[in-house]
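Common to both upcoming complexes is subunit A, partnered first by subunit B, then by subunit C.
Moving on, here comes the complex of A and B:
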């Protein structure tokens, strides 16, 4: 089966997932305490105003009709109007999405750059001091909350040493790399600790595998044995973990983007929740769901590229 | 080169592993030689050091423990040799095949790639010639439509076919010695004979020595010229296969031979050597086999018998070797 065929099938399988996500979002928003119309209308609105807003939002319709409207509007790309931003939710999301995607991709790349080489060093020196040092440092990193690491980095590197900006998001690519370095490192420290631990034990396991012994007995250069035989096999379990971590990492942007004042979807979500901006909450939740599903799809595609045994099913 | 000149000479080989701060003597004072084109069998129970012997010769064991002694190969000592120099011998002059065809091939790489990377490491052949040679090797080990199967992955082959692939990979660079670590143990009985025949035929055609590890005396009888019996990390008896099997002198060899069921009426309880082999961390001070031995005498539990020549071409490490009449009685 070709890759494209596989991706198409997986995309089809996502349709019921998204339907379910929309049902949950729809119900959650309606179960929240408080009336969105009151929140939208503001403090000085009359009962008639509120009723008008209700009708405009379609809240007077039966639940099933409301759900149908929500569903058909969403499919057409209409996520409603944000109360907070006073524009279309779609426009706000299109505006903020690249920031969060940039931050996420940046964090993932940094995590891999940190975790990959260190996992190799630790695994190849199993039980000796480099292994112990690396594992201890990451253990400390894992046990500290992300926002705390973020605040410490912000205080020392940005506020005191002025090496990095305390917030914001640059315009050019290199400015973005610079502005988002601290938030990305903060996220990466945690993610790389998880990846490092998993990759280290995967490498150790693969190093003792018979096919690696066979590769050594063939007299292959070490570089080839580590790169072609060890790393690829060790990556299989780590890729799955990485996919799951990226899901986590996106919800983590709620915290990081707030601490570092990055104008992305995470911070926006927090603002939307405080403002009871229901259309925006719905839109953002849906966007996060789409992103996470996309990451899981990519994980599976990459996995099947890596492991021929998964391609046949 | 003279037919009887050894190509491999192992002398006083010791391999020690360390677990939880304790030294485990996996091999002690192992000495033997393999001549050009000779098939030497290494037999013994699990844990007797057969496999470690192979891994110590080809340099896999030293990553996991200490290897001392001498492994003379073409006038050079492989034990002392640096990794880089050793890689010029691994796969090129000495090759090894493993017991488990299911786990000994990399599941993520095509068999073509796993074959060609050996050729790439050890020959100057250009890409196209490597491919031709890979097809030739698969063909040689009896894999049908070899050219089409280069791009297949190991899981697309059956167990016996995978073992053939492994042999093809190991022999691709024309080695002079093949270390075979129980190459048929994981296979069906019918396939076992085919694979053994294949190894022997190729060894003969390529004038290659074979060091065959097995726990199956039947395999030894069919395939080997000489045999060395190992127990608890030492060779306890060594000689020509026909002599050793006709007239075993070490009580352990006698016990091993009695454990092979032969011409027994149905429902006869099978014989097994009483007791279990000692743990490597708790070897007795004298002969390691003494606690299980039926001909144990006074010195056996205090002193260790040295491997010594007792008749022409026969070495036995025993204070009280079995005589011919006893052997028959047992």
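Moving on, here comes the complex of A and C:
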């Protein structure tokens, strides 16, 4: 099957999924007690504002019509107006999205840099003390809430030693790298614990595989075996795992953005929640879902390119 | 059954501790955590809510091993009383999702068909949301607080249990005993709940242990963000948030409750890993 064909089929599969995603987001605000229009307009809205929202959402119409309106508004890029920011939800999200994407990509790179080498050390020393030490440290890392890791790093590296800024988001690329270093490390420490665990067993599995033993028997140098067979297979399973963990990663960035006052979508989500800004909550929830499913798609495509077995399924 | 011989292979606790140190450590940590959660009063040196304006933000000492907080309350006692709330999370945050997920997963896995197709799409849709985003969006609608947090977590989380259960039931159906049940004319209910379920439940139980650790992390995160347990209730996330603004002068306020989270989380994951090891011996 050609790649394009595969991507097309995969996109088609996303249609029913996204339909359900929209149903969930639609029902979310309908769970509110009372009139959603009043809730969505906020406390200080005038009667005219409330009436405008009522019409836009078709609140006097039956549920199905309301859902259709919600669906068609969203598809046209109309996510409503934010009470908190006093502009269109779409504009606010477009403004904040790059920050969260930057933070997420940065965290992924850092977690690979942390987990990759250590997983190799652990796997090659299987059962000996370096393995035990590395696994114990990561086991503890997995039990730490992200906000706690962030708080500890913030206190000691930023506030006490003044090595890093305590918050914010720079203007230039290098400033961003500097400002977002600690937040990214925070997310990466947690993510790398998940990756390390999986990567270690993937490497061990490949090391024990017959084709690697065959390569060894042929007398290939271990550098070549590690590079060609072990690394390639370990990479496939890591990318898959990273793709599947993207939801976790995003949850982590949400918390981290709050701890480090990074102006991304996660922090905005919390601000929206405390301000009871329902159009913004809906818009952000949808954007997070779009991001995650985009990553799922990329993972599948990447996997099918790297691992020919996948294309057959 | 009659020709089965039982050999006395029950290892002593000591021998098991040598062979499975992780499992035993997990059991000890969680056992002690349950004790603290059930009888906090017996372990806490002070009342967790007694305010003492003469002892505000005192560093750790013999009288107050974890120091005192901004109202002069004993931090150790507050961390201990928080066990009640946080261990309760591990139960109420998982058990409804577990029961619903197991039943739905078993039914969908057994009957397949249209229900399975719909279920597949629901799973796809739910995992498309970052877990925390969906949970806090629901808490936002329902209002902050522990009960609403449990509702939100359960509404989302049953899907994960059901997915696991479904896969396991389908795998079990390939075995002869399942076909034998059908041939013998047993009712579907009997086959599903008496035969398939007990055989398929093991991975779910193992997952449950890990999940309890995750829910404690999640619950304390929500507490920290102000969406879970509400102050003045002692809950680890809330305690960390209370100490947040004094972290450079009174570090013990945030550091100590965090250690409780780490220890409990570690206990559950050691228990989960140990059980997985014990129940599914692999070559």
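As a working rule, the second predicted complex is superposed on the first by the 283 of 313 C-alpha atoms of A that agree within 3 Å, B and C clash if a C-alpha of one lies under 4 Å from a C-alpha of the other, contacts with A are read in each partner's own complex, and residues count from 1 in each chain.
Here is the rule we use: contacts are C-beta pairs under 8 Å (C-beta built on N, C-alpha and C of every residue); 3 or more make two chains touch, one makes a residue touch a chain.
Keep in mind that what you see is a predicted model, and the values were worked out from it rather than measured.
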Fit or clash - subunit C, subunit B, common subunit A: fit
Subunit B versus subunit C as contact partner of A:273, first or second or both or neither: second
Partner chain in contact with A:232 - subunit B first, subunit C second, else both or neither: first
Touching partner for A:37 - first (subunit B), second (subunit C), both, neither: neither
Which superposed partner A:281 touches (first subunit B, second subunit C, both, neither): second
First, second, both or neither for A:224, with subunit B first and subunit C second: first
Which superposed partner A:216 touches (first subunit B, second subunit C, both, neither): first
First, second, both or neither for A:142, with subunit B first and subunit C second: second
Residue contacts with subunit A in the superposition, subunit B compared against subunit C: C
Apex subunit A: angle to the C-alpha centres of subunit B and subunit C, given in degrees as a multiple of 10: 80
Smallest separation in angstrom, by C-alpha atoms, between subunit B and subunit C in the superposition: 11
Residues of subunit A that lie at the interface with subunit B and also at the interface with subunit C: none
Complex interface listing, subunit C residues touching subunit A: 121-122, 124-134, 136-142, 213, 217, 220-221, 224-227, 237, 240, 244, 247-248, 251, 254-255, 258, 261-266, 269-270
Residue ranges of subunit A in contact with subunit B within the complex: 209-211, 213-222, 224, 228-229, 232-233, 236, 306-309
Residues of subunit B that touch subunit A when the two form their complex: 55, 58-60, 83, 86-92, 95-96, 98, 100, 103-109, 117-118, 121-122, 153, 155, 166, 169-170, 179
Residues on subunit A engaged by subunit C in the complex (per definition of touch): 16-18, 20-21, 23-24, 28-29, 31-32, 139-140, 142-148, 151-152, 154-155, 159-160, 246-251, 254-255, 258, 269-270, 272-274, 276, 278, 281, 284-285, 288-289, 292-293, 296
